[in-house]
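Below: the structure, in structure tokens.
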Amino acid sequence: MSVKFAVLGAGRIGQVHASTIAAVPGAELVAVADAMPAAAAAVAAAHGCDVKTIDDIAADAGVDAVIIGTPTDTHADLIEQFVRAGKAVFCEKPVDLSLERVKSCLEVVQAEGGKLMVGFNRRFDPDFRAAHAAIQQGRIGKVEMVTITSRDPGAPPPEYITRSGGIFRDMTIHDFDMARWLLGEEVTTVQAAASVLVDPEIGKLGDYDSANVILTTASGQQCVITNSRRATYGYDQRIEVHGSEGSVTAENQREARIEIADEKGAHRPPLLNFFMTRYTAAYANEIAEFVDALNTGGAMPTTGHDGLMALALADAALLSVAEGRVVQVLEVLGDG
Amino acid sequence: MSVKFAVLGAGRIGQVHASTIAAVPGAELVAVADAMPAAAAAVAAAHGCDVKTIDDIAADAGVDAVIIGTPTDTHADLIEQFVRAGKAVFCEKPVDLSLERVKSCLEVVQAEGGKLMVGFNRRFDPDFRAAHAAIQQGRIGKVEMVTITSRDPGAPPPEYITRSGGIFRDMTIHDFDMARWLLGEEVTTVQAAASVLVDPEIGKLGDYDSANVILTTASGQQCVITNSRRATYGYDQRIEVHGSEGSVTAENQREARIEIADEKGAHRPPLLNFFMTRYTAAYANEIAEFVDALNTGGAMPTTGHDGLMALALADAALLSVAEGRVVQVLEVLGDG
Amino acid sequence: MSVKFAVLGAGRIGQVHASTIAAVPGAELVAVADAMPAAAAAVAAAHGCDVKTIDDIAADAGVDAVIIGTPTDTHADLIEQFVRAGKAVFCEKPVDLSLERVKSCLEVVQAEGGKLMVGFNRRFDPDFRAAHAAIQQGRIGKVEMVTITSRDPGAPPPEYITRSGGIFRDMTIHDFDMARWLLGEEVTTVQAAASVLVDPEIGKLGDYDSANVILTTASGQQCVITNSRRATYGYDQRIEVHGSEGSVTAENQREARIEIADEKGAHRPPLLNFFMTRYTAAYANEIAEFVDALNTGGAMPTTGHDGLMALALADAALLSVAEGRVVQVLEVLGDG
Amino acid sequence: MSVKFAVLGAGRIGQVHASTIAAVPGAELVAVADAMPAAAAAVAAAHGCDVKTIDDIAADAGVDAVIIGTPTDTHADLIEQFVRAGKAVFCEKPVDLSLERVKSCLEVVQAEGGKLMVGFNRRFDPDFRAAHAAIQQGRIGKVEMVTITSRDPGAPPPEYITRSGGIFRDMTIHDFDMARWLLGEEVTTVQAAASVLVDPEIGKLGDYDSANVILTTASGQQCVITNSRRATYGYDQRIEVHGSEGSVTAENQREARIEIADEKGAHRPPLLNFFMTRYTAAYANEIAEFVDALNTGGAMPTTGHDGLMALALADAALLSVAEGRVVQVLEVLGDG
């Protein structure tokens, strides 16, 4: 009794998910859809599934669940369509770049009693999970301070920037989700600084490439997020959690675990510098847990609410930069 | 035009190889054989291949290559049978515990013009490969000294010891192969010390559980191998190569890349402590390279000769311990 | 022609400086003063110098320079007294807890053409200096982001808190100075979060024990400072500077460079957990450089202006917390 | 009541010891002797002591103890002279390059009831001590295997080689002493390999520049020592002790605790590459402990017997290389 999947969007991330489904016990890939027939055909050929249209998939009683890996501006509509069609939905973050649209989408999900998982892959990284588990086990006492460092290897092209929603909604959103997960308590205030240091083109588009954010919770916990769109040394992804009894850190991953020593010193290889390589295990784990939740009737590992909250923190950060002040999350979230 | 494989032996390692073949492009698993019908059936079910007898596989024109993962004392006979049947053969180390039997087997392989790869998995570990590549690229100059540390998490049970051929032929044999690979020159002398420190039962069986070996080459290069059958902290697998211009080391792998700090200090998780977990990538890579060599007509990545030489070094080490002297490899290898 | 020194204040830090002077070539300890005769006598006995009153030292033509290690509220007066007396002055940070008092004191120093070094010891730590040197050598390109982590091993007693000026003026002040030094550009805005997580008594005194601060410069550089009054794992003192071409980090110091591995993992000793042990070399270096500057007529390595600016950042941080907004440094600094 | 010291030999190491004595409580430097008047005068000027001849020092009732830092071939004679004169003696290793001469010298020491400490500085290194203390505290269970890596930054000049006694007596001797200290049990067998890989001139002088040694004890413990006269990456000084319950390692020291990351990877500075810099603390500690032993009447921290045994292991290693066999230590030590 395996879960029958369709993958919507046969791009880079869709291919990754398709391969995971093919390898995960309890899941079966039955269909793929993509606006580009060649892309869909390639996935179908690699995994022996059918190419179908999105509407056919929605109507197909043989499909239990879909993975949405299409462009961001289609996410909310597709979530609604497939939840209404009675399919379980795994959607890549974000649900939408508009907080209002996310809210209305989640209302549909709730009204339909739908199952929706939002793909915050980092929570499923084995090292971050080990750090989180250590916290849950009480190894560091009460969580007081979280430090998240997240730097991309290089800035994306201008055309990506224009559709991205800006650094906070596109990049920091992952860190906002990590912050909530690691703090274990809802964030109440946001303050941020942002500047353009990497690429002036990004500034011309009204976005930033370098940012620091401070979050606080009602109990006084604090979290700092440090972002840059460029790190020559690779994809810099670290977390550090300081508690009343100790701290836990998760370190970066390198191309190889070797060290070369010579007269200039000791040298280790650069960090993995592509998010798909860095988070290979995380991508596999998130789908495996989605499948497991569907098979066991368990709760979604990450929810639409998680998607909503991370976006709210992004909007609050943007407002903080604009107005030079601490922003209450409730200001952007409203009373919804 | 993929290579059609049969797996002989559906035990732990056979299952690993079967999964790899299922995942590697250019390879296809068509049959499995095992003395235990249930074991063979499980592999067949998992990967959708047939259960057959060894003789049927040898006679099957639809099989291009076999992977031998049966007990050691069957290896040489199976290699001969399948080489004579015109199949390419991947055989787990060792070819045999007797140097004479290995030689006669390799003569058959040569006479038949057969293709034989011996499974020295460590050469295919990504970190060791990165270290080897650095050497090949001249990053450390001329190789002068190699240090190999290899410690098992725990001693095997007595029944394993009795069939193992002893620590040098069973455990150090991997390190002998690594030494030859890293030195880049044939070993000419062997001296060794061995003792029983871990488990007196091992001593009663005439074997050792702790050993150090020094190897030298004609040009004066040296290699030290350190072995123990027990390491409470996990599967300790390190190499260090010192050259005229620098050194390169490959480090251990841990359960997670986290560090917990508390009032007692900074703590990282133990090493991976199971060889199949530690060498997951190596097992996959060795089969992928075997497939690639078959598809391209390239040379076998590791050969029967490699198997012969590693066993010769093991025999030399044993003789060195017995006689308390430096042993010339030619003494044990003979003029063959 | 060595510089003749008097040490004012024979407490913990005065003793350290006295020992340094005794060991540094080109310097000579000739007198010590302390309100507690026994304390002064101990230093005099250890180093063979005279015990004198502060006024006698000021009047003593045989004294070239003084080191002020007395309580904070005496610093500004003593600086003025000794600058007027024509002595070079090394004063422990801070000059004063009041920005206005610091300004008036520095006006006296300037009017007198006096020499004043303020003891920001961290700039003289060998590891931080190596990091700074790497930046100066262009190893990381243009500095974009600075991250400073500074956590005390444990919170000070309430009586210390009441006299300290609060966490920003007492603890973060060191980090503010490091930030200015590492950014290489003046800070223009400050925003901060602060809370009480370690000890409620600190909160009752109107102070905080946990804080994060974001600084920015006119060119858009950013710096994050993370502080806590407690770290079970020792005195946590790290810097990380991210630039356009790379990054440089300086790591903590541990009690010993050993690692113990056992079935629970790999363990290193805690961090050094006392500031005098952690910064032993820094304390010696700052005095040696002061002596060197006096002997060569060079510029003071750290100045009264540095003391003023660090305090201004502290005041700005406090204001930011109070008003929940970004504070311009000029707001607190005025037009002076 | 401080111990009054004279330093014999005002060279590099004599100057280090003179400075230590000047700084250690309970010790006083009263005289220095050297064949080169200028060298002695420099030490006398730096520390305010007298220049005297060796014989005058021996006859001086105001001298309690001497530090012998003269050329090796004078050590044994000076030890005898000063022990007979009733002085406590600290002598740099080795006592002599001839095992017979060492024995006869130690007989004189014993007959006179003299106090003799031999300067095996490494036992006093803080990191090695921390490792040793961990062993003593039972942190790794029973010691089974010791691995000592010791590589010089560069080969000494030919004129040093000719007087050195060869690599085993000059360089490995430190490691032999460390092995005895860490094993906690006397070594019974020695086997070694040695070659010339660094500098052919060393070979022409009948010496080696690269060596590996295996030591065993009666209980079956093993130790491996790896030596090279060249390491481009600095002075490589590591120990690793594997026990029944775990392991402990002591790591190298670098020029600074920084790491630079760039597109080529992560880079740390080279190792400290001068023995006096690397072992600064060890040199100070060994003299402080000698002083303490004299002041308290305690046992010598390292003894003439330690010097004898380390030399015996060196002679055994040389014999092993010459004869290609395991050598019993008793063969070279005789029944004395």
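Lettered A, B, C and D in written order, each chain numbered from 1.
We take it that a residue touches a chain if its C-beta (ideal position, glycine included) is under 8 Å from a C-beta of that chain, and two chains touch if they have at least 3 such contacts.
On a predicted model such as this, the values are computed, not experimentally measured, just so you know.
Hey, which pair has more contacts between C-betas, A-B or B-C?
A-B
Between A-B, B-D or A-D, which shows the same interface as C-D, counting it as a repeat when over half of the contact pairs match?
Most of the contact pairs in C-D are shared with A-B.
Measure off the straight-line distance from the CA centroid of chain B to the CA centroid of chain C, and report it in whole Å.
58
Would you kindly tell me how far, in whole Å, the mean C-alpha position of chain B lies from that of chain A?
Roughly 40 Å, centre to centre.
Quick check: what residues of chain A touch more than one other chain, meaning two or more?
231-233, 245-247, 261-263, 269
Write out the stretch or stretches of chain B touching chain C in their complex.
231-234, 254, 261-271
Contact residues on chain A for chain C in the complex?
Within the complex, chain A touches chain C at residues 141-142, 144-145, 147, 149, 151, 189, 191-193, 195-198, 210-212, 214, 216, 220-222, 224, 226, 228, 230-233, 242, 244-247, 324-326.
Touching residues of chain B toward chain A in the complex: what are they?
Touch list, chain B to chain A: 23, 126-127, 129-131, 134, 139-140, 245-253, 255-263, 269.
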